[in-house]
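Each structure below appears as structure tokens.
In what comes next, subunit A is part of two complexes: it sits with subunit B in the first one and with subunit C in the second one.
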Partner chain A sequence: MEWAGLINYGVFMLTLAGIYAVMTLGLNLQWGFTGQFNIGIAGFFAAGAYASAILTTPPSADHLGGFDMPIAVGLLGAVLVSGVLALLVGLVTLNLRTDYLAIATIGIAEIVRLFLKNEDWLTNGVRGVAEIPKALSTTPLDPALADLLVVLAALAVVYGLLERGRRSPWGRVLRAIRESEPGTQASGKNVFAFRIQAFVLGSMAMGLSGALYAHFTGFISPEAFDPEFITFLVWVMLIAGGSANNRGAVLGAMAIWAVWAGTEFLTGKLPAEFTTQAGALRIFLIGVLVQGILLWRPEGLLPERQDGKKRG
Partner chain B sequence: MLVYGLVLGSILTLGAIGVSMLFGILRFAHFAHGDMMTFGAYIALSFVTGLGFPVFGALPFAIVVTVALAIAIDRLVYRRLRRTQPVILLISSFGIAMALRALIQMIWGPGNHALQKGIQIPYRVLGVAIKPDHITIVVGAAVLVVALHLFLHRTKLGKAMRAMADNPDLAAITGIDNERVIAWTWGIGASLAATAGVFLALDTHLNPMTGWHVLLMVFAATILGGIGKVYGAILGGLVIGVAVEMSTLMIEPAYKPAVAFAIMVAMLVARPQGLLGGRA
Partner chain C sequence: MLSIRTLSKSFGGVTAVDECSFDIARGSITGLIGPNGAGKTTLFNIAAGFLKPDSGRILLDGQDITALSPHERFHLGLVRTFQLPQTFQRMTVRENLMVAPPEQSGENLFATWFLPWKVAAEEKRVREKADEVLDFLEIPHVADELAGNLSGGQKKLLELGRCLMTDAKMVLLDEPGAGVNPTLMVKLTAMIRRLNEERGFTVCIIEHDMDVITELCDPVVCMSQGAVIAHGSMADIRANEDVLEAYLGGGRAAAGRGGRAT
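Our next item is the complex of A and B:
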């Protein structure tokens, strides 16, 4: 019994870590390779989660749809919706310098949150969307294991595509933009087009991650995800793992998620009267951890592989 | 509505001046500014409820503690990161914001607090109801802004600060101690942030998210006025404050931050240097 419980817990944790890893890979494309500072991750995550939820739930009077479609359609819809959102945001903001982009993306995330909370007709407001179907529910697989398989498959696909992109001339242009925008422009590349592509593709990964999360938990509401916290955790994962290294991004996601789960284990040992403080303490520790990483190991666990020039 | 707008605008102005000055000197958007406001307000709260101080008696203590905190964070973290790219500071300040908010939750709990109990009797001026708090906030902000103006233009340190915002290398050559100026910038930014936090808590209520929720509007005000420009921040704060409150006549109040954001994006596209021509 002990062992079964432990394995179940491991499967549960690994699934969540995988969901975060997909987001971290998306951020790696934007920040690690292209140097775009997106702190609106949660906005794209939430957009994807809602898109897939609305497409796949059985018809309901509480929110738009549900359209009762297969989950594959839901995932595709999530990718499209977050991609279109990213395209709109990108067209307006991507010519801005880093600080402005940061502020703009956090604004987008805030607006997405307000929209999901207030537009009852679409999202059932704060009451959220329930009865989101589980992936592979018709197969004889254990549901928890099925979730894990789907998440790992998605992670493998995103990782494969990004690695391919990284090695390609396309990936080199992105890194060139990060290092020197005027230089890239001078060698005849359309910098803006490349920036848009990176931003949209990265955000699509975040949307996909949101959809995976929705199908994993079966219920989503605007309050269910704490937007700054998700964004923050993904950033910590990328920095800890090593930005501009896809393997580092996945490793960082797993490692930080393990640390996060571990702190829960530790704070669980505190006396009961401190339980309300425990969550805050964990966030505080992660906040301190990120300062430590930035100060002492800014390149992360797995630094960018040097194919040529050193990063400036 | 206009009164509410001016009150909100005054608060935003105090926050935006700090963000703008820090950007001018250190070249990064300080994401922990909102949580610094919250922190200042909670310190004041402790003095008011714990020791029975009046709100204005507690304000100086809130300022001192917040300034100490800001300078300590700068010494411990930001200063060591300054040699790298400014964007690393941005990430760091985001982490500081989360940690600070978590710390506030640990000490004071997640619930709502009111800085002042009881109902105030509003004055009636020309048929408009004005609460005494509103007058305090607007006048208080105006006094601080005038004091800051005198500081920047009449004192040697103020001039050094402006010189460094214009060109740090040139300022260093002429013998200005950069670290000292940076410490003073934190001091001023944090004082204004603490005051803004206390005013915000007076105007509404206080919870750990209070400062974070206005941060977006503070940034909008900073950008609108022209990033790095102190006077732009004043103008930007008032414009955003009034526009946001006025928008509730047409749009659902829930979308207030979205209004500030829309103005900001429009500004970034049309005139990124801001109304008063800061750095683009």
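Our next item is the complex of A and C:
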């Protein structure tokens, strides 16, 4: 393989890793800082992807719209749709214990999946939505490079906003909720309101990530959102990278994605009769890797930082 | 200031609070005593909004607050501490305190994004305030320690510190002295008195240490098996047959008991 091919491959992989990093940052807000157990990540991701796709594709007889809007509008729409979805889930469940939230998030992810699959008028069902426009297509930039730039820019914005939130009194209240809900109530905070904000904002990041993915691949179908896989991978990225550390979340996404891609080479070397088991083997390898990381660094690669300690 | 009106609460078969009624006068330091399991903590939980009563009402300054949530009561000036400290373990001691002050503009996400200088200026003040409170509690050296690493007594102090970060009108202290060393306990007692006299906190304090109660409290309310069995000055309480029977036990021995049961 020549250098050009290698670089192309690197750009492709980095773009996907960036998309996952946005999702991981969203989960970090929910789990790392607030202690919310979301295992329906794929649902918000898919909702965002479809929202942006439907908003930006040219008119089509196959599905709702398309509305031929600029991509920026699509991204905004994705954020709004996933946010509203999270708001609905949150209003119903966030007063309950975290295990109920977990069940509710699985439920909503499943509902989204079935909905995308069966509501042909909206999503063209299993045939999917095609002709999703590419970002920056009017510029002379190489399309792959343009995708990477857009994803990295989005990642930077999400990181910046969440990191500023983390350092603020707002983030402090979220961490307090994670540590002790009664203690936070006794400190006069409206725990429910903060929980909703964290859950909605985190899910918006997941929706944005979905939209980035849709514009990156140009085609989406329900098959593209294997919920177990996406949710599993994002959790692994966060735990390995370092829960409650935004830089850890990004690092985890990059590292795990690199390893994930690496395992493809590995399983590619297997004899043909094992190809059906290859997928499971890759997931197994990732599982072993995470076990290893957690034995070596129980809090992940970059553990939670205490600003007070540093500035002390 | 705070009126408890025929409050009842049961857990399954256990009636933890049984038609309790009493008033806490503005400016007073009211003691709440009674044997283990008498329902004192449960009563605090209801008063502060952490538990819903089965029946009865709570009034703060004449306003019915029975339906309000804990944070709403907090903003009316009703602040409580926990018998079992509810510290934020994986946050520094200073951060634990910095959570408490109300109306921090940095708790609004948009302010943190778009008005960072305003938030930073406020943060500086909140931080200074937290350091003052830590000095006052004589634990400034652990400011940057994670709260989870504190000793039991230090955690109790941190609980109390949370009240000091606010402008409470009425504070409910659930055994603030349990696990605190005797020297510090003397200081704590003096501090509670000062808070009462200088900052005008009305205080209701649960404590098993009768020395503290005798020193600080007038009046004293004694509960047993969920019900108020006596209400009056410490001298009255000491002379009360029911109280001797249920709690203090064996007459004069009570004064020196100083038990630290939790």
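In this section, the second predicted complex is superposed on the first by the 295 of 312 C-alpha atoms of A that agree within 3 Å, B and C clash if a C-alpha of one lies under 4 Å from a C-alpha of the other, contacts with A are read in each partner's own complex, and residues count from 1 in each chain.
Here is the rule we go by: contacts are C-beta pairs under 8 Å (C-beta built on N, C-alpha and C of every residue); 3 or more make two chains touch, one makes a residue touch a chain.
For clarity, every value in this text was computed on a predicted model and none was experimentally measured.
Asker: Quick check for you: in the superposed arrangement, does A:163 touch first (subunit B), second (subunit C), both or neither?
Answerer: neither
Asker: Contact-wise, after the overlay, does A:183 reach subunit B, subunit C, both or neither (first, second, both, neither)?
Answerer: A:183 sits against subunit C, while subunit B stays out of touch.
Asker: Of the partners subunit B and subunit C, which touch A:110 in the superposed model: first, second, both, neither?
Answerer: In the superposed model, A:110 contacts subunit B only, not subunit C.
Asker: Touching A:172 in the superposition: subunit B (first), subunit C (second), both, neither?
Answerer: Touch status of A:172: second partner only.
Asker: Which residues would you name on subunit A as touching subunit B in one complex and subunit C in the other?
Answerer: Residues common to the subunit A contacts of subunit C and of subunit B do not exist here, since the sets are disjoint.
Asker: In the complex, go through subunit A and note every residue touching subunit B.
Answerer: 37, 39, 92-93, 96-100, 102-104, 106-107, 110-111, 114, 117-118, 228-229, 232, 235-236, 239, 276-277, 279-284, 286-288, 290-291, 294-295, 298
Asker: Across the complex, what residues on subunit B touch subunit A?
Answerer: Subunit B reaches subunit A through residues 23, 28-29, 31, 76-77, 80-81, 84, 86-88, 90-92, 94-96, 98-103, 105-106, 109-110, 212, 216, 219, 223, 227, 252, 254-255, 257-258, 261, 264-265, 268-269, 272, 280.
Asker: State the interface residues of subunit A toward subunit C in the complex, per the touch definition above.
Answerer: It is residues 161, 164-165, 167-173, 175-176, 178-180, 182-191, 197, 201, 244, 304, 306, 308-309, 312 of subunit A that touch subunit C.
Asker: Can you check the complex and tell me which residues of subunit C touch subunit A?
Answerer: Those residues of subunit C that touch subunit A are 48-50, 69-71, 74-75, 79-82, 86-92, 94-96, 98-100, 102, 104, 106-109, 112-113, 116, 119, 122-123, 126, 143-144, 146, 162, 166.
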